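In the two assemblies presented below, chain A is common to both, partnered first by chain B and then by chain C.
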Partner chain A sequence: MIEAISRRIGGTLVTAILATGVVFLLIRAVPGDAIGEMLGQSAGDPAAEAALRAFFGLDQPIWSQYLSWAGNVLRGDLGTSMRQGLPVWGIILDAFLVTLQLGLVTLLVAIVVGVPLGLLAGARPGSLVDLLVEGFTLLSLSSPVFWTGMVLLILADAWLGWSPPLVYTPPGISLAENLESTLLPVLALGFLQAGAYAQFTRQQSVALLRQDFVRAARARGLPARVIFGRHVLRNIAVPLVTYAGLILVQILGGVVVVETLFAIPGLGRTLLAAIQGRDYPVLQGALLLTVIVALLVNLVIDLAYALIDPRMRGA
Partner chain B sequence: MPNEMTNRRSALLAGAGLMGAGLLRPGPRGQAWAQAAAVGEGDIYGPDDPQARRGGVLTIAIANEPPNLDPFHQAGDARTAITVLMYQGLMFEHASGTAKPLLAESMTVSADGLTYTFVLRRGVRFHNGGQMTSADVKYSYDYVRNPANGSPGAADFGTISEVEAPDDHTVVIRLSEPNASLPMTLTNRFGCVVPRDTFSSPQARNRLSQQSVGTGPFMLQEFRPQSHIRMARFPNYWRQGQPYLDGVLFSVQPNAASVLVALRGRRVDLALLARPQDAEQLQGQAGLSIVSAPSLRQCSLDLDSSHAQLKDQRVRQAIALAIDKKAVMDAAIGGKGQVLGTVPAAMQESWGAPLESLPFQKQDPARAKALLAEAGLASGFSLDLIGIIGFEWMDPAAVTIAQQLAAVGIRLNIQRAELGVWLNAFRTRNMRFTFNDWGTQPDPHSLFYRHFRSPPRGADFRNWNNAEADRLMDLGMASADPARRKEAYLGLQRVMDETVPTILLFSPDLVTVSQQRVRNYVQHPTGWWFGLAKAWIAA
Partner chain C sequence: MRRPGPQLLIGAGLVLILVAMSILPGLFAGSPDAVVVTRRLEAPSAEFWFGTDETGRDVYARVVHGAGSTLGVVAAAVAVAGLLGGGLGALAGFAGRLPDRALSRAADALLAFPPIILGVVLASTLGPGARNLILALAIIYVPVFFRVARAAALMEAGRAYVEAARTIGFGEWAVLTRHVARNVAPVVVQQCIILFPLALQIQAALGFLGLGVPPPTPDWGASLQESRNYLTVAPWLAIFPGIALLLAAAATSLLGRALEDRDA
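Our next item is the complex of A and B:
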């Protein structure tokens, strides 16, 4: 078990390092660099341009830039943002915590809403409840997040005369204000993911109900409640946890839109701004973090299987 | 770049107030002239308000976040809009189009136009506590003009040969050639004064995102990227009793709809609308005041004179004649702006050539076709038109222009470029045929020189390479006499109209929306936040 975990962690690191190398090359293949934004349309003095480029080390060959960056990363230093002049580690950690909170709360909403709906529908396929749930799923999955977010924003304004606070407040400072600023983004993202969760849960339980052991249980005369509680739910738990991991990674990767819409200073917007401003250190740091987090989430899920399903403990 | 927008009425009022203040009197060296500030300082940034109440934090929504708050190393308008509250230059870019003394008390120019003498304002303190002296001014201007320090403003200071500090309160600037726009150069874009040795350590500029070191009415409290910028009143500001506000909070709202919702929900006190046409959605809303005014921003089409068919001047003229600017503006921003000739709207009165005096400003498809036929392109041709992703007005404008050009036989392929990629093409003088969206300080030299003067003195981004235009721009720069200066720039505009390196389409109106409790806020035509220095909040 421990050997398996350490092998996974080792693999994770190798993947992360390879990924940064690819990102390093790709982002430099795009025309323009951090100097472009600084000069704007005031460019035109070659000496000043060269001085700026030298200041940021952009005059060095790419391989040397990469080696010095990678060397610093191994020493725990992610560098300094070219745009903001702030340490990259602080920028991405602040942003990541915001996004992580958003992601976890959204996941919670998706599970609390989606799983019961999916189970209700899955228990009696073809029933009225099933049809209603299917309607909900269809609506949620076909509404893009930016649209849902915009509609929520406008409805809250028009019906309740309420609008989200202007500035995001971290939960450590005021939980109430934090909830106020994350309410709409969580609802917008949660609406989509709850639909996805309901659909997944329904499919899983319908498939299980067709399994031989369920038919056997039925033949033994067990009541439907017992069959569902003892057999279906237990077997469905593993795929549901897997799905939670998938959804969390998907949420973390896809929050750019809601973060932009609701002015939430999370990792998505930080990444977007870094791409637009060609802020290589922030970009690389943020992607390194994202890759590591995605791989860690998968690792944790694999470990969770072992807890839920005794059959996997040996693996 | 994306500039925002002014309050015509208030700007005019402020201008009227200052007209009496800019005293012209013979200086000690013959035909010199000086501007006295003692009378006028109350009008810098806007009028004083004897009824003003102290206190309160004003909340402002901004669409574009500055990457950082370094007054020397960041050219973007988003940066300048905000740093003008923390950093000040010797001069102030007054809405009327002239530079007025700010940290200087007076300015004297020698008869040959080569020596500028500034007497500094007394009792000016930096945010870090120190007194401002001439040594700080010398340090700041020597820093910014040295290209090795990498300031995008370095080229503006290129005519300065020497900055001297003969005593604590006098600064003498010597030029290698006359430059009538020097006072405008010493304003708040790159002409800020910081304490000497601010940049003595190589990483010092990084600290400017956490701490301000200027002399302005507000000091930086907190800069949280992607979220907000908080500033507090500077208690030792040189103008006693000001600012009236305890602080300001800029909140970054990347989405135009969120700004409207926040204005309606009274979450935000003040905003400039990124899309002037959004004003309609707020009309009639109780408690909101909406003021619109001409801006210094220009939405334009740039034509690279070294690109494909655009090499032929007749083709560029034909494109100019094929376009109906009013129709483009209606499609792009719902008509909420001013159609332009050869300068942005807020400069038309002071510097612009009358539109009817320029032969290539009025749509004339028949003449356009004739010119194309003369150029051997009677059967038409195809051309790529480049727009920038994120600049919303460019998409509807592109469609309208494509229709107008199709009528004379030019088939447009509309393309969109990411801003970073576009800037790179622009800077390397490879712009081809593209939309542009940029702003200026209210001065013709600032507007034209860098963009259109051929290298090495300018950058001539559009590969225009026009000797007559170069001569006129140099003449405008060297002429101290306002009448001769204006004549030079009128001549330049005629050359531009005829040879078409750019087609200025329209200036979107500067629409300022504020809650009723916001008092005495005057919007500057640059779209920068100068007015907050005089604004106050009613109980």
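Our next item is the complex of A and C:
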């Protein structure tokens, strides 16, 4: 058990190191860097350019840049933003908390809407309810999430004459204003993820209804409600809880476009701005954080399965 | 198992219409670039079914002509990813040992990124243009195909026919390309259909972020980006390209679901 877990953690670490290496190579291949723009008036002055490059360590070979960055990261130092001159850690932590709030509220919406729909559909495959829920999942999973956001903006304006403030307010300053600025993005993301949750819940319960122990319960003459409540729901609980982790990772990745549409200063928008501004340290830090969160969630899901289901321990 | 009938019919019908639109847009609408300066931002009417945009272009024509560039990019990307990822996956699953471990690690490293973020990084790295966009989308999905094909090849490698082929003197390469690959291919093709709607979402998002094909090529995601400044004045600019994306994604997921149901 402990050996399996440590092997799994080791594998995750190797993957994280590889992934950051990939990122490092990739973003240095992006044409152009921040240097030219920073120089402004003195652009074209080779001495000034060389000095700035040396200042940011960009004159070093890539492998040595990577090693010194990785060394600093292990010591907890993510570097300084080339654009803002602030520590990267502070910048991405602020942004991450904004995105995390968005993600958690969206997850709540997705569970509250998606799970009941999926259970209703899964209890009676092929029924009218099932068909309606399938229509809902098809619609929600097929709509581009930023388009859903645009439609919400249009509808809010046409029906209520209301449009959200395009300035984000942190919940610590004013909870009401925070809710106002995050309402539509949460609804847009929630519409998508509720569909995903409903589909997953339905699949799980339909698969369970086919199992032998359900057939045995039916043969014993148990009513459908008891079978569903006692046999299906109990077995479905674990995958439904772990699915929350996967959905959260999906939301954290998918917010890039929604944050851009609604001008929310989260991790996605920070990442995009860092790419456009060629702010390597911020970009590396933000990507590292994204990858680590995704890998950690996957690791926790696997470990949770191992704890709950002894059959998974060897895997 | 549920009857796949209506799902498959609706999905296939919509896909056929979209394919026809992509190949022969001239049959469905006039030029997407024709400008009528006096008729800017007009609401949908009998003359302009989907209204006109800020320069006086016909939105309907732009949506129809956008099918080819939008769906063509996605189809090409999925095909490239399927060939590359499927090939490498079959190789890794069949060969095992070191090549398998190295390739699997590389696939894991790529899969650690949320697809849209990988897409943003790749599209910025490669620069604008349809060919680079195809490449960026393809790289995102190579590891997914790799995993699917690897699992299938791993299963095939243990089958009796593989041993039989070896016994009668086929080399390893021949067993892989002639026998194993043939049985892995259908899985990869099915995966192409399943991944198409997902890749379409990424393509649209990249277009929306301004990282897709450059204007004036009509592209659904890019049209949505252009519509942002006119959301409340001219909502039709945002509604119709979005519905086109929705229908294309729904049609292909219906096909994918029908295929999955058939297997179940």
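Please note the rule applied: the second predicted complex is superposed on the first by the 280 of 315 C-alpha atoms of A that agree within 3 Å, B and C clash if a C-alpha of one lies under 4 Å from a C-alpha of the other, contacts with A are read in each partner's own complex, and residues count from 1 in each chain.
FYI, a residue touches a chain if its C-beta (ideal position, glycine included) is under 8 Å from a C-beta of that chain, and two chains touch if they have at least 3 such contacts.
Computed from a prediction, not measured in an experiment: that's the story for all the values here.
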Partner chain(s) touched by A:L153 [first = chain B, second = chain C, both, neither]: both
First (chain B), second (chain C), both or neither touched by A:G90: neither
First (chain B), second (chain C), both or neither touched by A:G10: neither
Touched partner set for A:G229, first chain B, second chain C, both or neither: neither
Partner chain in contact with A:G126 - chain B first, chain C second, else both or neither: second
Chain B versus chain C as contact partner of A:T260, first or second or both or neither: both
First, second, both or neither for A:V291, with chain B first and chain C second: second
Which superposed partner A:G71 touches (first chain B, second chain C, both, neither): neither
Touching both chain B and chain C, residues of chain A: 30-31, 150, 153-154, 157, 163, 260-261, 276
Residue ranges of chain A touching chain B (in the complex, touch as defined): 30-33, 36-45, 47-49, 51-52, 55, 80, 83-86, 91, 94-95, 150, 153-154, 157, 161-168, 259-263, 265-266, 269-270, 273, 276-279
Interface residues, chain B side, partner chain A - complex: 1, 59, 61, 65, 67-68, 70, 73-77, 147-155, 202-203, 205-210, 223-228, 249, 251-255, 257-258, 261-262, 264-265, 267-268, 418-421, 423-427, 436, 438, 450-451, 455, 458-459, 461
In the complex with chain C, residue positions of chain A that touch it: 11, 14-16, 18-19, 21-23, 26-27, 29-31, 125-126, 138-139, 141-147, 150-151, 153-154, 157-158, 163, 249-250, 252-254, 256-257, 260-261, 268, 271-272, 275-276, 287, 290-291, 294-295
In the complex with chain A, residue positions of chain C that touch it: 2, 105-106, 108-110, 112-117, 120-122, 124-125, 127, 197, 201, 204-205, 208-209, 221, 224, 227-228, 231-232, 235, 238-239, 242, 245-247, 249-250, 253-254
